[in-house]
Structures are given as structure tokens and as C-alpha cells.
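Naming follows writing order (A, B, C, D, E and F), and every chain is counted from residue 1.
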Amino acid sequence: MPEITDIATLRKNAQAGRVRALLPVLVESVAEKSSKDGKPFLEIQLVDALDRFVLRVWSDNGQFAVAQELAAGACLQLEGEFAVHPQFGLEAKRWSFAPLTGEAKEEFLAGPADLRVRQEEDYAFIAVEVDGLKDPRLKALGAAFLEKFGPRFRRTAAARFFHHARRGGLVEHVAQMMRYADAVCAANPALHRDLLLSGVLFHDCGKLWENCVEEGGFTMPFDERGELLGHINIGIELVNSLWKTLPLDDWKEVVPDNEDVRLHLLHLVAAHHGELAYGSPVQPKTPEAIALHYIDNLDAKLEMLARGYDGGGTVAERIYDKVKPLNVRLVAPLGLMDV
Amino acid sequence: MPEITDIATLRKNAQAGRVRALLPVLVESVAEKSSKDGKPFLEIQLVDALDRFVLRVWSDNGQFAVAQELAAGACLQLEGEFAVHPQFGLEAKRWSFAPLTGEAKEEFLAGPADLRVRQEEDYAFIAVEVDGLKDPRLKALGAAFLEKFGPRFRRTAAARFFHHARRGGLVEHVAQMMRYADAVCAANPALHRDLLLSGVLFHDCGKLWENCVEEGGFTMPFDERGELLGHINIGIELVNSLWKTLPLDDWKEVVPDNEDVRLHLLHLVAAHHGELAYGSPVQPKTPEAIALHYIDNLDAKLEMLARGYDGGGTVAERIYDKVKPLNVRLVAPLGLMDV
Amino acid sequence: MPEITDIATLRKNAQAGRVRALLPVLVESVAEKSSKDGKPFLEIQLVDALDRFVLRVWSDNGQFAVAQELAAGACLQLEGEFAVHPQFGLEAKRWSFAPLTGEAKEEFLAGPADLRVRQEEDYAFIAVEVDGLKDPRLKALGAAFLEKFGPRFRRTAAARFFHHARRGGLVEHVAQMMRYADAVCAANPALHRDLLLSGVLFHDCGKLWENCVEEGGFTMPFDERGELLGHINIGIELVNSLWKTLPLDDWKEVVPDNEDVRLHLLHLVAAHHGELAYGSPVQPKTPEAIALHYIDNLDAKLEMLARGYDGGGTVAERIYDKVKPLNVRLVAPLGLMDV
Amino acid sequence: MPEITDIATLRKNAQAGRVRALLPVLVESVAEKSSKDGKPFLEIQLVDALDRFVLRVWSDNGQFAVAQELAAGACLQLEGEFAVHPQFGLEAKRWSFAPLTGEAKEEFLAGPADLRVRQEEDYAFIAVEVDGLKDPRLKALGAAFLEKFGPRFRRTAAARFFHHARRGGLVEHVAQMMRYADAVCAANPALHRDLLLSGVLFHDCGKLWENCVEEGGFTMPFDERGELLGHINIGIELVNSLWKTLPLDDWKEVVPDNEDVRLHLLHLVAAHHGELAYGSPVQPKTPEAIALHYIDNLDAKLEMLARGYDGGGTVAERIYDKVKPLNVRLVAPLGLMDV
Amino acid sequence: MPEITDIATLRKNAQAGRVRALLPVLVESVAEKSSKDGKPFLEIQLVDALDRFVLRVWSDNGQFAVAQELAAGACLQLEGEFAVHPQFGLEAKRWSFAPLTGEAKEEFLAGPADLRVRQEEDYAFIAVEVDGLKDPRLKALGAAFLEKFGPRFRRTAAARFFHHARRGGLVEHVAQMMRYADAVCAANPALHRDLLLSGVLFHDCGKLWENCVEEGGFTMPFDERGELLGHINIGIELVNSLWKTLPLDDWKEVVPDNEDVRLHLLHLVAAHHGELAYGSPVQPKTPEAIALHYIDNLDAKLEMLARGYDGGGTVAERIYDKVKPLNVRLVAPLGLMDV
Amino acid sequence: MPEITDIATLRKNAQAGRVRALLPVLVESVAEKSSKDGKPFLEIQLVDALDRFVLRVWSDNGQFAVAQELAAGACLQLEGEFAVHPQFGLEAKRWSFAPLTGEAKEEFLAGPADLRVRQEEDYAFIAVEVDGLKDPRLKALGAAFLEKFGPRFRRTAAARFFHHARRGGLVEHVAQMMRYADAVCAANPALHRDLLLSGVLFHDCGKLWENCVEEGGFTMPFDERGELLGHINIGIELVNSLWKTLPLDDWKEVVPDNEDVRLHLLHLVAAHHGELAYGSPVQPKTPEAIALHYIDNLDAKLEMLARGYDGGGTVAERIYDKVKPLNVRLVAPLGLMDV
């Protein structure tokens, strides 16, 4: 029996030629269509934790009738041969499928073990960082966020397309940014560590509505609130509504003032895109806002490169295809040549 | 005795030569300085409702000692000759001053009668428009705004520099935009009039903090909240906090939903600059957001032109100096040639 | 017998599944091609007043030989089933066709009744507005334009792709802009109404060559003059050549001067794109030029939104696909939720 | 007696220290002002063929009363010492003046002999080039232009500020561009030489109104037509009105058609700025339009560099100040190091 | 027997309908694929000196097995019918192939005779120009370049896509730029001819690595050095390394200094893109750098137009499709209408 | 006797009113000028390690004659009263001066003790970091750089105006960037630490010519090489020439290859501005190039903020003037409110 795999791994392995595999997938949608010359077929969108592809089922395929009955949300085990078409991407050949049930289904929906472990570690790391904040307001705010929105946070992607665009991607992005923020504060003690770490935690929290993945699935629907306001405004609204739940009177005497802390944190959320043209209604005006902006970019861009090296094609040895939204061909890192 | 006038009028009249005048002014600040060749002088910033200029008092002036004692906030009656210097602007010559007191002071602080009347009419018109809204949520929200923030609204400028940059300027801008909005809705009944008028009312309400003029004065200080968040975010926060005071449960059954109304109104506030590069975190995505954006621009640009025609110099007959932030020389309107 | 319909309506109705219909169409072109695997087929471009689609006829279709003989300009009645393919758009299935003749053909070429009525009303409204101008030069110029170029004007589209891109679209655009211009002048009497209305009438008149639809058809060929000069320059040339036909000596004493009127009108045509980068050789420098620019944008953008709401797909409930050249997803208007 | 010189030469020579000179000048304007400490003075704008400076006359100067009576347009002989102030530029010290009359005045108004000779040669060269055109339409059009507008052409500057900004500068610019155009056509015979040379002749002809210097003087007033339409549109209007005076019927049979020639020439005028953002309503779409655009830029930029090398200051040996509108420091040409 | 032709000619001739031809080609790559409905086919990239196209071989074609065995680098003689598909471009029908051998193969690999002759003449012309340089350093440097890198230079394209994108294209580009440079120097003797001609020779020499065509073939692989540094930096490195081989001590007394000559030449290479945003690390700061920039643009743009006229489709009579990277439809040159 | 101070400290202390002080300074230049009303004065540019100001000496000052004799490069002790003029900045009143000699002069030229100590520590830290590199090529290259160019490196500023614009500023910038780079590598072990640290060391090494301060002084002259090539190209040339001095054959077997290491390091230098428009001839294409770009920006921007907080004026409490090239008003950091 062929090995159980996932879409991304299959896509890489099948570059070199046909591969037999067992592939657990979730049905995102089923559409009935017909080719230019009138032949009917089904177009089935299949997704897993990290990737997606399209299965086309022609009317002369014996499984056509069963496939027609598939509902969005169904989980399947696909068995067959897979190849990468230069124009159409990953394709299944001589395949069959069976419902995915019980433990296998649960495990599949949980996502790949290593990703799950990484995201759990990342989330635990975030919780520890929040717990280690010294400013009582920021610590309480972070704790309230994790308590109230933890599960939603863990389902959210960091972006729709370009980096960490997967369930839990935001947790990975925030955790790695916290590591950078810690490091940068160690190298520059003049930075307000509590403020910067809180800025990292909340900078993209509006994406809990803009890029949230459906519970128990891998789909990221569009959201009217996200469209009308954008994640920066939603994030500000979220911080403000959590802030109102804090026992602020207990900290009346703390320096700096409660209101100063709130405004500086909101500034970090508002300014983190760095420039008006990138959607920030204000430019960074404090050291921590500057630092947050560059840390965000550093992690996002390095993830785009990682994605390019990992899954992208090459145009020559050690030269990779352009990766969106970067408009350059990548070159293999020097480190990869060590081995 | 010379006529009582104001700075802007004086500036215009003195273009042609020296003018004697009585000029009521408020002292914004007094600074002691010395010229390049070491002669001490006072630099006194004087303002009135519409304009400002600098009075320089040299140490050999008999009034030097008295002027040294002037405090910010004092109101004076300046009597003297005034001229316009091409490089230094309006200047006072052979002047003397006396404290402005009693009724004269009150009248001065109230601003010029015609401006006061115009702004009162504009404010009354806004109140009538709000009262005429049919949607119960938007009507209640507008009423709450006027009730709670009316006085602050009436002191706010529409901008710091470029248009309606005077106490009460925002009231003038909103009233004229409401007239355009009414007209445009009449010409295009598909537009949601209540939503558009409410968008006009609230689009710049964050400027109540960014560009607010001090009570009983003419000075517009900078505000930390405005710097850190910008007027769009402050406006959204204001709408949200007023919204929470409304009896929303009374309107549970009204169509469209409360939440839809709130989101669409916030979208109008958020998108009214039209493009990310101009500071809107989202672009307009509904018909009313489009309409609001152009109505705002139309009124702002026409006011810039009016300011250019009124006070600007000319480079040739019927050709006016460039006016900031427009980067073009203006040409006299055809209508002005009718007479 | 199925209902007679048109391409745009069919495209909307067929989103939900196959629809039987009678479809009158005009043949724009017929090309003989072959598929990747060598199968010959005909690609027939079919248009009607508002839309277009491609009919592919395979060589094993019994109607292949007859279809091969079709000439550009032929009018047909297509009968069949229609479906929307997500990639290839509207497609005809199991269809047959017959020549469209006599009254049916005439009616078809006249365009849909409601569009025809709307455009006739719009044109009549324009004529009334021109007749109501008080300035004798502008009234005579407008009348000369309608008399000499009325039929061509009525065939012209307002743009090739993005808004009012249909026969007579320019009439609709100009009429609605006149309604806005009237409204804006009422709200701001300082604007020169005659000049602004004339600017609306002539601002896109160069498109009578750039975007003109062929007489008795629905095709908009490219024009060398439009390519070499652009519609702004052609429009200026048109105004100038009409101007020379006016009895200008009769109005020597009228204020403002003839020449002032001509220059200000040409300025409105030249500056209506608002910025050099959008193709205006000069920026707006008068109040009416500013007003024209925003009125033009307001109507064009609202039409783009209407097109997006009407025919575009959705990515979620109440969230619409991006519409060119706007680069945003649209959100359903609040007004549509009232019902 | 000191040498007779001109403003530009004096400015260069006085960099190193005070210089005695006789300086013929024309009075552009006289304004009465007073210094910050109240001392009255006259500010007299003085110009000659190539440059300008300001003479300040203080009230304690014995010539104050006579200078007060000076009228715009008067020609003077200034005698005195001259120095360059790093902030205020060229200044006159211990000077006196006398009216400039008779032959001396005429010679002065004619401009410096070498400039006059150069411009006369350039104009003669242009006339020869026009006479050498083979296409009968283009030759007749060029001849008509020179005949009707020759004197105005010879008074026009190529720009208001940045290059050839002097009386007759356009003649110099057009002549040098014709030399480049000839050379480029020789190197690439596929270019239509007659069309390109005519494009050179007419590309800036709208500047005869935008940048025309007053007859018998050195002042370049602003022009309402230039402001409202811009020189590209005025140029197109000029070509069109000259075109209508040609005996076009005589050339009905000539290939290419009259109308093709007219459109291609207008395209060269319209597209010569190369991009919409630089004010061209259309981009270049023919080989000659491309060539004209680069030849225009080549000559304009080289003139800016020449001006920078000639009159600009240096920030280090062989490194020159930034010259507007180029935003770079210049470096001395290699050729200058040969000697 | 049908005529022997090449891909570009065939593409043009087949626009009007099927054409029989003999077509010598080089195999760039062979990939096995399958259509959407599972039918296997080979996708064979075929190139010649000027163009490329794709041959698809279906599994039911008798030549499938032989074609499967084809290796990259093989030369073939293709015989068959050719047609242009509006979407898929040039296609072969009913074809067969045979190996290309002996003299025919050599002739094919040498490229079309007229191109070969043109490039040989161009290269000879470059050599003569280099030999005619008067500055001993620049002459020696040019000679060293031709001697050491002549063959590589003759294989290099001037760009990957947009102009002169063919083996030897850089030689054509440099030769034509030298003709323009000669002409421009004749029209403006102040330019340093030796420096400008050397700038032309070396400006794109970094492309010998970025855009070099494989020896004995027509393929242009990507190069890691080109990706990491770009052709400007590679060019600077090349000039520097050749410079070090020169007997510089022999020219110690020559004016200008050796080092000045080197720096000015490097400046021309560095600044030839004209603006930072186009990849030049410095803007042009000397007359020759300005001239080089415009001459480079002039030749590149005219070649893009030539390509557009030659191979592009038309959207109307005398109006051509947009050509990348120009974003405009072209209009037929006036000169083409003479005949 | 008043305290010995420096220009920057004096500028801050004198904001509040006149301050007596002893001020050691270096004379950069002496120019003789005269005021508008003809009074002669000397303009003496005075500098110290961190700042600069202008001393004006009027002809009626008893020290005029002695001051006239001052030569550029002289060191003085200035004693007097100092005040800050809002328009003209720091000014000296009732001052006298004496030559600065012996130990006092040496100490002054060495710069302030704390700056000297900080820069020495920073330089020592850099040396340790270089010594700790593991890759033999990069370690040897760094050592060669410090050995050959250490003294010049220690005199170089990181920029001419905007950040670390002082003697030794580049050492401070590189050291702090190395701290960030260390920290970021610790947080992301996939980055190649040796490559990134070497990129930090060399990224601005071209500034050793562009922004080098004269030995034994505080002046930064312009350099022709910097103007013609820019610091990125000079830096690449420097790396290449040091590289050639390394015993590369000893490391033939080391992985990765010598040439790979060289190219990746050059890529970091070439791409560190991040975008073409900011002067990088290539965009970052490897993880280390991305990281270097953001670390460079982070340190540069934080230094601009520090400069703004330290020396800039305020427009309101806790709101600072705009600092070039940032176009925003700064807000006081939250951390400053702790105390």
C-alpha cells in the first residue's frame, strides 16, 4: 500500500515523475462543468492543512456518479497516481476514493503532526511571553486576549495568500516575531520590551476576522467586516473592547498612565504597515512602532523566501521562480551549499 | 478715529499702501529675541478668528517695557498704520495698543459677525438635517453627537492648513457637504440618503481632537491622540462609543440590521480619503462611500480655490499664485468677468 | 417556445443552471480554428446592444457548414440551452440558429426597449438642458453640436471597457452628469452653471471618434485619429471648429468676452481628467473645472459599481468580485438590505 | 573707466571679490519697501538679455529720490562695484546710474553680440532646413510658420526656468534639435526625415504664447491662454490654423495623404513629452515620435548641465552644486580636463 | 518540395492561412505531459536564431515513439503545414521530421544569412570604431575587450525579452548606438567622442553573462552571477579587470589622468539606465552619461516598435497591438504609406 | 570661569535662555561679507566632533581684525554668552577667543570622551566579531579590511546628513547592526551568521570614500569617486580588491566554494538598500540579504528618532518637530514616561 502523504509533499515528489500515494483531503466544493467540446466533468476543490488542488472527474469515469454526491466538508482518502502538469499543476490519475472516518479523519483534520506540534509550541511560547510581561495592564490585556480569543487565534492565518497562509499561521508568525522582538530588545535596551511584545501580539489581531479558518476545516471565507473596515481597524476595536474589561482603577497610580499605555499600543497596531500607501492610517512615530514594522517585515519576507525555496520551480540550478508578491527570482541560500 | 477691522481684511487693504486701522487681537505668545546685529526685540504672535501676524517691538520703542509684560491670552486693541512687506507680510508701523475689555473683548472673541452668523446658520442647518433622518439609528446617533459634542464641534477647524482652517471651519465644511449630498441624492435616488448624510456628519469627527481650537480663543494646539492614531481612527472610536449609548434593542426588528448600519457608517468614515496613500485604511467599496469621497474633495478643493482668489497675489492679470497644496496657478473664474 | 432574451440577462440567469432561450445576436466575426488535438472549429463572435459572447462550432456539428458561410454583420436568432462556465463564461449547448429578418431584426438592432427609452429620454433631457442655457454662445454651440453630431453622439460609448461601454453610453453618462451638475450648482450658486453644463456636454465629445459604435451595429472599431491624438485633443478640435461657425460678431458686446468663454470651455475639456498622469495636459484651475472633474468621476465610478453588483460574481454573501479598473472587492449597498 | 559688461559675466567675475563695472540694464519694476527696523528702501528689478538681479536703494542714499522716479521699461547704465553675497547673490555697492540712450540703448536691447549672432545663425539654419524639406505640405507649413510668426518665434524662450530660458532660447533649442535630428536620420534612414524635422520645428510652438518675451524687452509675462490650455494644445491649434491656409487641393494626389501627414505631425507635437505624467495627452506611437522625444530631452538636459557648469557653484573641486530640475550634483566633464 | 523557411517568417506568412514549409529547428527541451482528459502528449520546445515555438505530439501520432527519443540540442528538419492559432500561436499540422545534418545543420546553426551578414558587418564596424579611438587608454581597453571576449560578445542578446533578444543582438544594438553616437558628436562637438563611444561599447557588457546564448545554439540560460549582481555591476567588474591588464604606466603623462578616464567610463556604465528606479545606482552627472542614456533608449525603443510592426497583430488597419513593455498600441509609420 | 562644553550641549542648554560657556572649536572656513545695508562682517564656520554653528563678527567689533586673520583648520577657545535664535539658531554674544593649544587642543580634536570611549568599544566589539567568524574566507577578509582600512573606517560617518552623521558614526552603526544581526541569528538559526555579519561589516564600506572625515578634523569633503560611482559600487570594488589578496587556494576544498561566498557577500552589499528606487542595482534575493536590509533600516531609523528626541524642538508637550528625512512629527517614547 502506498504511503499516506499530504498535498504539498506530493506536489514536490511528483515533480520528478508519477507517484503513487494515499492522500487524505477535505472537499471544499463540487461544481459540475463541461469541456469546450461539451464533455461533462466535475471540478472538486480539495484542501488539506497546507495546500489545495483540483480533482477533475470526467463523465466516463466510473466514479462520476458517486463523486457527484460529494458534499462540501466531506473528508476523503484518495488513492492513485499523481503527476505535476506544468500548466495545470498537480493532477490525479487512475484514482479512487473512500470516505475518511474515525480516528484517521480526526488526525487529518488536526493537520500534520509536525505542524501541530510546532504551532502548539509556538502558542505555548506566546502564552509564556505574555505571562512574563511586567507592565500589569499589558500583561492583563494579553491574558484576556488569549483567554477569550485563544481558539480563534489558533485557527487564523497570517495572510490570505502570501505568507503563513494556513490555519494557525498567525500563531507561527506572532511567535517568531516575539523571538525577534526579544532579541532586538536585548541588543537595544532602550526599547520598551513590554510594549513591543504586546504590539507583536496584537498587531494582526484584526485578522481573526479577516483571515480566520472555519472551525474543523481548512477554508478561509471572506468576511464583510474585514472588507468594510480592514484588519487594522478591527484590531483597534478589539484592543479597545478588551481594554474596557480590565480593572483599570487598580493601576491609577502606575507610571506611565493607563491612557498612555493604551494609546501607544494602539499606535503600534495602527502604524505597523509603516506607510500610508500600505494601509497604515498613521506612520510610525515611536521607537517601538519602528521596531515592530521592521520585525513584521523581516518575518513575512523570510517566510515568502522559504515558500519559494520549498515549493517553487527553478529556472536554472540554484535560481528559483519569482514568488509573489516579491518580484524577483530567488537564489539558493549560501547555507544550503554547506552540505 | 480709524475703522475697526480684522487681520485678513487689513492684509488685503494694505496691499495697495499704508492703512490706518484699529485692530483687536489676541496674544498667542511673546518671545524675546535679538537681531543679527544684537538689537533686542519682542516677537509677539497675534491672532484673530481668521488670520494671524507677527508684531515686532524693538528695544528703542517706548512701549517695549509694557509689551514685555504681555501674557499669552491677553486681548488688545492695536492702533496704527499697517503695510504689507513682500517678504515679511503684514507689518504694523507707528502703533500703540490698549487692553481690550468688556463687551468689545467678548465681541472680538466671538469672531466677526458675518462668520458667526454663517456658522450659526450652518450649524442650525446641520441640526435640521440630522433631525430629518428617517433611519432611527442614524438619527439618534447624529442627535447624540450634536448633544454631547456640539460645542466642541463648533470650535473645530476642518484642517490645520489647507481649507476651512479656522474655528468653526468644520461646521461650514459639513454643512456645505450636506447641501451637496442632498443634491446628489436628489439626482440619483439609488443612493441611501440617510447613510450618506450621516457619513458627511461623522467623516471628520476625529478632527474634534486633531484640529480643535481652544475654548475662548483662536489657537489650535497639537494633540497626542491625533498624532498617534489620526483623525480617522479617532472618528471610528467616537462613532463606536456613541453607538453603545443608543437603545439598540428597540430597533432589533428594523431592516437593515443595526450592525449593518454601524458597519456601513464606519466604512464611510474609514474610506473617505479614497485611497490608501491618502490615509484611508480601506478603499471605498459602496456607492455612498464613493459619493462621500468626491463630495468631500469637491468642497475642500473649491474652498482652496476661494482662498486663492481671495487672498492670494497674482502673477498677471487674472492669473493667481499657486495655492498650497494645489500645485497650479489659478485662473480667475469666468463668473467674475460678468460684472 | 422559450423566451426571447439578451446576452446580459442570459448570463445572469444561467449562473444557477442551464436555461433554454431565444437569443437574437449580430455576428461580429467568424474565424476557423482547430483545437490542440487538431479538431477544426469555428469561433463566432456574437454581440448585442449590451454584451458579447463566443459561439464555438465543432466540425462534427451538423450546422458547421452553414455556420462557415456566416458573414460579419449577419443577424441571427439563436435557439438553445445556455450555461455559464466558470473559466470560459457563457456557452451555448444544443443550439440551432435561423436568420433574423424584418421587424424582429430592426427591433433587435434598435437595442432593448428599456435601454432605448432611457437613452431617448436622456437625449431629450440633454437637448432641453442645452436649450435652457442663458449664455448665447454656449447655447448656440451646444445646439450646433446636437444638430451636426446628434446621431453620432447617440451611437457613442462613454468608454471602451470600464463604464457605459455600450452604444449610446455617452448619452447616458452626459445626461446623468448634467443632473449632478444642476444639483451641485443649486447647492453652490457661485458656480457658473452654463459653463459647467457645457463642459459636461463637451468633455468627452472626442470620444465620438475614439469610441464610436458603427452605424446599424454594435461594434466599436479602433480609430487612427483617436490613437494619434486622444479624445481630449479631438474634443478641443471639435469645439474649435464648431465655434468658428457661430455668429460671434453678434455677441461682441456680451460680457464676458467671446474669447474668454471659448478658453474657459476648452479648459474644462482639457482638464477634466484632473491630473497629468491621467492624460489631462493641464490641471483644473477654475471652480468649474474642479466641479466637472469630480462629477465625471462620481458618475463613472458609480456605474462601475452598478456593473459589479449587477453582473459580477460574489466571493461570499454580499461581497462581490473585484471589478476593473477598481482594485477592490465590492460590498452590497446598505439600501439593498432594506427589502 | 571700467569695462562694459553684463549681469551673468559680472556674477561670475565677482565670485572672487569686488569688481568695478559699467552695466547696462532694463528696469523691470520698482517697489518701495522698508526693512524690519523700519528703514525705507527701493527694490528695483533689473534685467538684461541673459540674467537678472535686484538693486536695493536705501533712503539715506543720495540717489533715492531719482531712483524713486524710475519707470518700468527704462534703460540705465549702472556704474559701481559689484560683489556676490552667498545668501543674497549679486549686489551693487557705491554705484551711480545714468539713463541709457541712443545707440548704446539699442545695442543693449539687441542683446550681447555673440548671442545675437548665434541666434541669427540658428534662425537662418532653421530657415534653410525648412526650405530643404521635400514633402510639399510640410515645407509649405514650415514656411508659413516662419513667415507669419518668425519675429515672435525669435523672441520666445524654450522654457520659463530650466533651459534656454532667455529671449530667443527657443530658436537655439530648435536649431540644435534639428542638427541632432539630421544626424539621427543619417544614422537611421528608416526615419521619415521631413516629418521628424517638422516635429522639431513645431513641437514647442505653443510656447510662442506661454514663454514669449515682450517686444523690445527681456520680460516674460504669464499668459492666460498658456495657463488654461498649455503649450501642447496651443501648438496643436497653431498647426491646425496654419494648415487650413495651405493649398491642400494641389496635393490631393501626393502620397501619403494630406490628412495622414497632418495627423502624424500633430501626434509628434502631442506626444513629445513622452509620458502622460509629463503632460503629453498621448504617448509616442510612431518611430518619429520616439525620436523627437529623446532628441528634445537630450538637448534640454545638456543645456541644463552647461548652465550648471557655467554659473553654478562647486561643493568640491570638479563637483558642482545641484542644478534644478536635475536632482544631482554635476561632475566636471572629462573633456575639460584635456587642457 | 516546399520552401525552406524560419519560424518568424512562417509565423507571419501563416497569419493568412495554412502554409506548407520546410523548417530547420533546434530542440531545446522535450517534456512528456497529458491533456486534461488524460491523453499523453509530448511538448517539444523548438528554437531557431530568431524565434521559438512549441510542437505538441499526441500519443496516437505515428511519430510519437521517435519523438520521445529526441534529445535537447538535436537539430531537425520539420516538414508540414503550419497555421497560427489566435490563442496558442504557431502550430504544426500533418508534419514529419528528419535529422538535420552536415552542411545544412551548420548553416542552420549559423543563423539566417542576412542576419549573419548584418551582425558580421556590425561587428566589423565596431572593431573599426574601436580602432579609431584616439585616447590610448580607451582604444587599448576596447581592443582588449574585443580580443578577449569577442566570441562571447557575438553570442550575447541585448535583452532577454524586449529588444534585440536574439543571439548577436547586443552586437547589433552596440553598432547602431555607435552610429547614433557618432552622429550626435558631429552635431555637438563639445561631447567627448572617445568616452561616449567607449561607453556605448561597454554599457551592456555585463550582459555577456546575464544574456549570453549557449555556444552552438540558441538558448539563453539564467546565470547566478547575473541574478546576484546584475549586468551593471558585472560590467563594472569587467572594465576594472581589463583595465588592470593595460600598460597604464606608459600613459602617466597623458591628460586627462588614467584614473579620471577610468572613473568617467565606469560612470557611463553605472548611470546608463538614467534613474535609480530603473536600476542605475547613480544618475547621469556628465554630458556623455546623459547622451549615452538617451542613445540607448532611442535604439531600444525603435527596435521595440520595429518588432511590433513586423510581427504583431493589428486591431484595425494601421493600428497595431500593444507591444511589451510599451503600453500603447502602435500606429503605422508615415513612411510606410509612401509606397 | 564658565564650564567647558560643546556645541550640541550648548544648543540644548541655551534653549531656555542665555548661557555663559567656554567652547573649543575648529575653524572650517572664514568668509568676508556685508549685510543688506552694507555693513561688513565675517562669517566663520565653526565645528566640533558632533555639531557646527556660524559666528558672525561685525566690523565694529574690536576683534574683527584678528578674526580676519583666522585660517581654516585653526582651533580656538571661544568664551562668551550663547543664545538660540528661533530663525538663525545658536548665536554667540559678547564673546572673545583665544588659540587652543597643546593638550587642550589634542583633547578637543579627539572628540568628547564619552563618544570616544563608545566608538572605541564599538570598534573593539567589531574586531572581536570579525575574529569570531568561522568561515575562513570571511574571517580573513574582515581582518584584512580592519588592518588595511581601520583608521579610515574609524573616521567615516554613516551618512552625510540623516543618521550617525559624525566622525566615527559608521563604526557605531556597524557595531549596533552587528548586535542586531547576532540577536536575529540567535532567533532564527537558519540564517548564515558569518555571511550576515560580514554583510553588516562591508555593506557601507564604500562610504569610506563617500563620507570620510578629514584626518585630524571634523570636515567631510565631497569626493569625485563617490559622486561618479556611489558607495555601493565603491564597496563592491573594495571587497573585490581585498578578496584578491586572500590565499584562496588554501580553501579550494572548503564548502561552499570560494566564488559562491564572494558572490553572496557582494549580493549583500549590492542589495542592502532593498529596492532599485533606493539605489540598489538588484533587489534582495537571499535570506541574509533580506535580513541585512531590515537590520540596516532598523538602526538607521532608530538613530533618526533618537536625534529627533534629543535635539529637536517640540510643537506640544511630548510631540516633536518633524525630523528629516522622516516626514512625521515624533511622539515621546512610552519608556521616557516611566520616570
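By our rule, a residue touches a chain if its C-beta (ideal position, glycine included) is under 8 Å from a C-beta of that chain, and two chains touch if they have at least 3 such contacts.
These numbers come from a predicted model, not from an experiment.
S.K.: Enumerate, in label order, the chains that touch subunit C and subunit D alike.
M.R.: Both-contact set = B, E.
S.K.: More C-beta contacts across A-F or across C-E?
M.R.: Answer by contact count: A-F.
S.K.: Among the chains, which has its CA centre at the largest distance from subunit C's?
M.R.: F
S.K.: Of the other chains, whose C-alpha centre is the longest way from the centre of subunit B?
M.R.: E
S.K.: Counting in whole Å, what is the centre-to-centre distance of subunit A and subunit C, each centre being its mean C-alpha position?
M.R.: Each chain's C-alpha centroid was found; their separation is 43 Å.
S.K.: In whole angstrom, how far does the Cα centroid of subunit C sit from the Cα centroid of subunit F?
M.R.: Between these chains, centre-to-centre, one finds 61 Å.
S.K.: Give the residues of subunit F that touch two or more other chains, as numbers and ranges in rising order.
M.R.: 224, 227-228, 264, 267, 282, 285, 329, 331
S.K.: Go ahead and list every pair of chains that touch.
M.R.: Result for touching pairs of chains: A-B, A-C, A-E, A-F, B-C, B-D, B-F, C-D, C-E, D-E, D-F, E-F.
S.K.: List the residues on subunit A that touch subunit B in their complex, please.
M.R.: Listed in rising order, the residues of subunit A that touch subunit B are 224-225, 227-230, 232-233, 236-237, 240, 263-264, 266-267, 270, 276-282, 285.
S.K.: Note which residues of subunit C are touching subunit E in the complex, please.
M.R.: 31, 33-34, 36-38, 43, 221-224, 227-228
S.K.: Subunit D touches which residues of subunit B in the complex?
M.R.: Residues of subunit B touching subunit D: 35, 39, 56, 58, 83, 85-86, 88, 91, 93, 315-319, 329, 331.
S.K.: Can you list the residues on subunit E that touch subunit D in the complex?
M.R.: Within the complex, subunit E touches subunit D at residues 176, 179-180, 182-184, 186-188, 190-192, 195, 255-257, 260-261, 264, 267, 282-288, 290-291, 294-295, 297-298, 301-302, 305, 326-335, 337-339.
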